[in-house]
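Labels A, B, C, D and E are assigned to the chains in the order they are written; within every chain, residues are numbered from 1.
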Amino acid sequence: MSPPDTSLSREEPDLALELAGVHAYLGESHILQGVSLRVPRHRVTVLLGRNGVGKTTTMRAILGLVRRTGRITFAGADIAGEETHDIVARGIGYVPEDRDVFHGLTVGENLRLAVRRGGQPRHDLVFELFPELKKRTKHLAGTLSGGQQQMLSLARGLLNDNELLLVDEPTKGLAPVVVREVVEVLERAAGQTTVLMVEQNLAVARRLADHIAVMVDGAVVLREPAGRLAEDDGAVRAYLSVGSAVSGASS
Amino acid sequence: ASGSSGGGSDTVKVGVISSQTGTYSVQSADFRDGLEAGLNYLTKGTNTVDGHKIEVTYANDTGQAPVGIAKAKAMIASGAKFLTGITDSSIAIPVAQQAVQNNIIYLPGGSASYQLTGVNPLVFGNANKNGSQIFQKLLGGGDLSKKKLAYVGQDYAYGQDTYTSLKVPLEQVHVTSTKHLLPMSTTNFTAVAAQIKAEKPDYIYSSWAGAGTDQLFAALRAQGVFDTSQFIGYLITRNTYASIGQALGPKGVENALFSLYYYPGFSGNAEEKFLMTWAAQHKHQVEYDDPTGWNAAAMIVHAIQAGGTDDTKKMAASLDDYTWTSPQGEVTMRAADHAELTPQFAVKLAKGAGDTWTPQLVKAYTSKEMATAVTDPIKR
Amino acid sequence: MLRTESAALGVEELSLVIDGAQILRDVTLGVATGELVAVIGPNGAGKTSLLNVVSGTLRATSGRVMLHEQDVTSAGPARRARLGLGRTFQTSYLFLGLTVLENVRLARQAKEQRFRGLWRAPGSSAAALGPIREHLARVGLDGVRHDLAGSLSHGDRRKLELALMLASESTIVLLDEPMAGVNSEDLPSLMELIRDVQRDTDATIVMVEHHIDVVMELAHRVAVMHHGSLLAFDTPANVVTNATVRDAYLGEPL
Amino acid sequence: MSDVILLIFTGLSVGAVYFLLGSGLALIFGLMRVLTFAHGAYLTACAYAGWLVLRRSSLASPPSVASLLLALLVGIAVGGTLAFLTERILLRALYKRDHLDQLLITAGLGFSLVALLNGVWGPDNRAVPTPAWFTRTTTDILGAHIARGDFVLVGAAILLLVALEVFLKYTRHGLVVRAGVENREMVRALGIDVRRSFTLVFTIGGAVAGLGGVLAALYANAVNTSIGDSYLLYAFIVLVVGGLGSLRGAAIAAVAVGLLQQFANFYVNPGLGEILSFVLMGGMLLLRPEGVGGKKGRLI
Amino acid sequence: MNTLRRFWTPLVLVAVVVLMACMPYLAVPGLGILPDTVGSIASMQILGTACVIAVLAISYDLLMGYTGLVSFGHGMFFALGSYTFVMLLAFTSAGFGVAALSAAGITIVVAAVVNAVALRASLIAFSMVTLAAAQLMAIAIGQNYLRSGGADGVTIPYEKLPHGLVGIVNTKHVYWLALGLLVLVYTFARWLTRTRIGHVWRAIRENELRAGVMGYTTYKYKLAVTLIASTIAGVAGIVYAILLGAADPGETSLSFSIGLVIMLILGGRGRVWGALLGAVVYTLLQQRLPAVSSSSGVAALPKALRIPLAQPQLLLGVVFILFVLFLPGGLAGVIEKGTHAVRRRGGGAPGGGEPEPAVAGTPAPAESR
């Protein structure tokens, strides 16, 4: 397994979220093999990596949706032992990669479920961002198009003002014009909340990231300010292409 | 799992297959008590007849045919000469067939009485079949040609057979009858009650048993059928008296008449006295089917005495027209169709303290008076 | 309608209404054999619905669907597939409880369903598995061929979808956002893959895709859908310069 | 004429019974999609509970309205408790697993419960003391004698329907359960304790079964160990025809089935009604699988 | 490792079959699992029943375990086989062979009609449609339609049976008949589930629409499996009737069909041998628990314990509950786990060899979330 890079940890600003030596298992396979990651408060950290390295699993581990060991600190508290719903109730918004909208519920009901006890939902914001959803509140979410479902999923994540946003490939399946809007919203959001996101669209990553972390085979192997990604992403590409899977034409 | 010993000539094996759990659990218990009492009485406590030890084994068929039949085969295999017991007709009928196939005697007690009367020389039917005969008597003498009877029953073999066996004696006295057969799953009887009310019958006869009974009665009562027609039915286990009595309601009970297969205390003979004391010792309350068990015991003992233990055909033959005294009174096994002719009792229901109900004797009939015509004789 | 009749795939005056909502409006479009057409358009424009109607998972309210000059408007999905139509799905739609290998094999054997063949073992001999593993290798999943499809990561499921498409050896291929969720690193090689398939087998490909650069790279022609109707059908270059397309779909580049 | 009136009312009361017995199932199976085979046992157990209360309270005279209510309350309590324990002890661990495990474990529970009742009280009918006005006195409507109990049953059914609708509309639990059935993890990932809602709804389902059981005992004037299952099949038909999870649909279906059975049995021939109810269910599933109250989704 | 499995599995199977065939001559004690000795007539009857029920369970596994068609009316075709066979013998001049063949034939025809209709419904709706169909038949028989005997059932006029099958001394012949059928059906099912059609069935179970889009006319494949399963069920019904000497109305009840589902869960479905195990266990429980309940041991207990324990159904229920709680995935699941561990030590996934089909029960990760 790869060592958590302690090198940067000294001049680290205050952290919103910290993972130390997190291991996760799915069925019999050992998926996360000692993930260590620091997520600075009110910054956007982008998690990069090939398909299947464990990006999503990392997010699910944070939320306690997979069997995991190791230390996970959120806002000063160790949440590794907590129930998912308690962790989320601490102020986390989650946008899963495969949308996971409730097909049998209407758009309105989907949003109603997302409303956090105590907080005041920002319907205006999400409806302004995705006017389509307002039109469709009475329709079953299952009848929405792929992109519309992605919108609904994002809306659920943005509805409450959260301490931390976990967004897994938020722009997947969205029309470019919508992607742009989403990016802007996340940018604005990053002002008051911490964002940890997985993104395959390098343009989006480049635009949003304050920090990037690269995963290979269930471990974080590189974490650094996004600057270098902006200048030349060669270095990052180097990491990304570790154990390149697809032979395709190149073979 | 007993009697693996195969059973030498000195022991005679009797297998009792009954639903110790499930629908017939109460009757099975009564039957067992009666059987044991009877054997004990008739063998003077020795449980041996002419030096042949009687070895009784009991099996619970749980009301499931595959279980019951497996038990039957096991008992036959272990050398049983007699099978008996009270159980569901879907078990009793195939068991009877097993007995015949393997040439042993089957005494089905109350089970499948219609289907098993007159089927084979080795199978000895049961008294209930002539139960309907009593109603001709119950209707009293005089000119009945103007009288009408409405019949309510469950729409399957039993309900259908009961009606056919009822019609014969009724037609003899020119009583016209209508039948109302309903699916067993019926849960609302108001409509049929209204129909019956409209027919204005003088008598209403019900063979409805089990779930729905009380609802049927309540519906008839609500539609006011009992104000104009006399209810006629029969009583089985004591547990059900209260529910029948209550459901019929004051008016209904007042002119309702029931047939009863055993009226405790009527015969008062030695056999009954013995049964009573025996039951008391075993903390059992003598019931409808105690005599059924006793009768089985009587036939078993007689068959051994008169027919030995080797040739079941001979043993069976010895029971033809055999007459014995049971706690009910005098009982005869009619040779023609192996119907067991027993006394019958016409009773009313009367409410006692709390919700205890007891039958009150109206008239008793001897087994001779109760002898129906032979409808399906044994083909020999 | 000359165009559609000569075409490998043609739809004429296609309309789809689902409880009151007009989802497709008089869509007419012909794709020539060996052509690669990209379909773009805002979310909810009707792209997936179009593929559904063409592949037969939805029945058109009116209009005709033609495959290789045959009218299949009233045919079921299976029949269309046997006429050489294959498709992938927007959100991976696989046999999750079966292994990767079994998934691909099912796709491969779908076209040979003669009664007698059905009673033979599906074949696990090297010979039988050869081509299948070949396809898996091309999408980089050969290593996990014995894993359950349900245990694949998201992006890998997209790749498996492509492998199924390859294995079906369809002459007409509908791809619904094949690149969604594929990591940026593998994009080029998968694009290569699609181009190869198209070139080698002369397959006709209709590809819904939001990755505009993928579209520019691969498509011969681009169909733009908007509110259920066909807004434009033209070369990539002309389409991206089209004003309506710009503000309805593309917007400013990031 | 009076026949028609009579049949309409009896039909309604039969429908009411089906709904009363079915609505608990509508929550547990229709909404939570738990394949339960213990529901009949709940009904039976609660019927016995009600019977015990009534018997005790009415040894001398027929039961008062007060003791009737008491019986209902006891029934509800027993049903609720049974369900609560079932969910907590037996089912909770199973949601992640294959659904059919639920079938096996609830079937096991059902068998055991009924067998226990059989062991204690035997298989025979036990009379349930009912106030005379309940089943035995009638109100005349256009020459038809309608048992007063029928009104009570219909009333109870309507009340129950309203109560449940209100619960599902004005609390989030109904929503949580529906969502949880689809994707439990995502509900938790929204910060909701999905387990609490499941336990609650399941318990309510049991309590409703309790109510239904006692009313069924009153309706039948008697309890026996098969009382639950004897009605359940038709209650189930009502659910399917009504559309799983839709209470209003179930109510409509209940009335339809009740009337169908009564008229068919009376005018054509007895037993046809039962047959037709199954035909109705089959036909419905083939023509409109989502049922009366259901909604259609999108396949892909 | 694979070669090992290749050789051992059939060897073991053959050995088992031979052992089973010799059962009637085994005088070893039944140890309470079987009454009396293993070879006793009583045991033969029970084992025979177990074999027939196992055949039925295997046929049901093809439907439910492999194709994902959860029918609540499969017992209907079993009953149809029994009843038509017995009624033809009892009420017509048909002989044994004719009756058996036409019974099978009638079952196929009815199965074709019923399923052709039922399969028009979606996978879930299918189970309810089959339930409705089965209930209609139950009502018809319950009401003595065509002299089907209502609650009495119909008994076989045994004079019409071959002598070798009459009388308890010949119980072993009936047992061999049942065992033969089981071996036949078992091998047939094993083979069938390994053919391409078998794989398509599993594909349908996993994702019917996808299979359709791939070019498989799923309706035809589903019809095929229902026909095969129903026919097997019908034939099993015939042998069952011979075992009981009658057609038993219990076969038409809903609880009988539910019993099939239970067997598959007990054994572990999507496995031919899982179904077999489940059926055997279920039958033994059903047949032997009454003996436990009425044993002297129970009788000696204090009332509080005696009353419940005297009820076999209660014991049965408790067994089910314990099964689910402590043996997830059924017997097959447990055994699999064991062998799996061994195999992994033996080295990796079975190379070119056919990986065993996934247990239908174990939900794919995606939906388990």
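In the analysis below, a residue touches a chain if its C-beta (ideal position, glycine included) is under 8 Å from a C-beta of that chain, and two chains touch if they have at least 3 such contacts.
Labels paired with UniProt names: A = Amino acid/amide ABC transporter ATP-binding protein 2 (HAAT family); C = Branched-chain amino acid transport system ATP-binding protein; D, E = Branched-chain amino acid transport system permease protein.
Keep in mind that this is a model prediction, so the values were computed, not measured.
Any chain that touches chain A and also touches chain E is listed here: C, D.
Across A-D and C-E, the chain pair carrying more C-beta contacts is C-E. Between chain B and chain C, the centres computed from C-alpha atoms are 75 Å apart. Here the CA centre of chain B is 37 Å from the CA centre of chain D. Centre to centre, using the average C-alpha position, chain D and chain E are separated by 32 Å.
Chain contacts: chain B has residues 21, 155, 183 touching two or more partner chains. Residues of chain D in contact with at least two other chains: 115, 118-119, 183, 185-186, 271, 274, 299-300. Contacts with at least two other chains are made by residues 48, 57, 89-90, 93, 151 of chain C. Interface of chain D with chain B (complex): residues 2-3, 6-7, 10, 13-14, 17, 55, 59-60, 115, 118-119, 122-129, 135-138, 144-145, 147, 219-222, 224, 226-227, 230-231, 262, 265-266, 270-271, 274. Of all the residues in chain C, the ones that touch chain E in their complex are 55-57, 76-79, 81-82, 86-87, 89, 93-99, 102, 105-107, 109-111, 113, 117-122, 124-126, 129, 146, 148-151, 164, 168. Interface residues of chain C, counted against chain A in their complex, comprise 18, 40-44, 48-49, 90-91, 137-140, 143, 151-156, 158-159, 177, 180-186, 189-190, 192-193, 196, 210, 212, 247-254. Considering their complex, residues 1, 4, 20-21, 58-62, 64-67, 69-70, 73-74, 76-78, 88-90, 93-94, 97-98, 100-102, 112, 115, 155-158, 160, 183-184 of chain B touch chain E.
Residue ranges on chain E touching chain B, taken from their complex, read 30, 32, 35-37, 40-42, 45-46, 49, 139, 142-144, 149-153, 155-156, 158, 166-168, 171, 243-246, 248-250, 286-287, 290-291, 293-294, 310-313.
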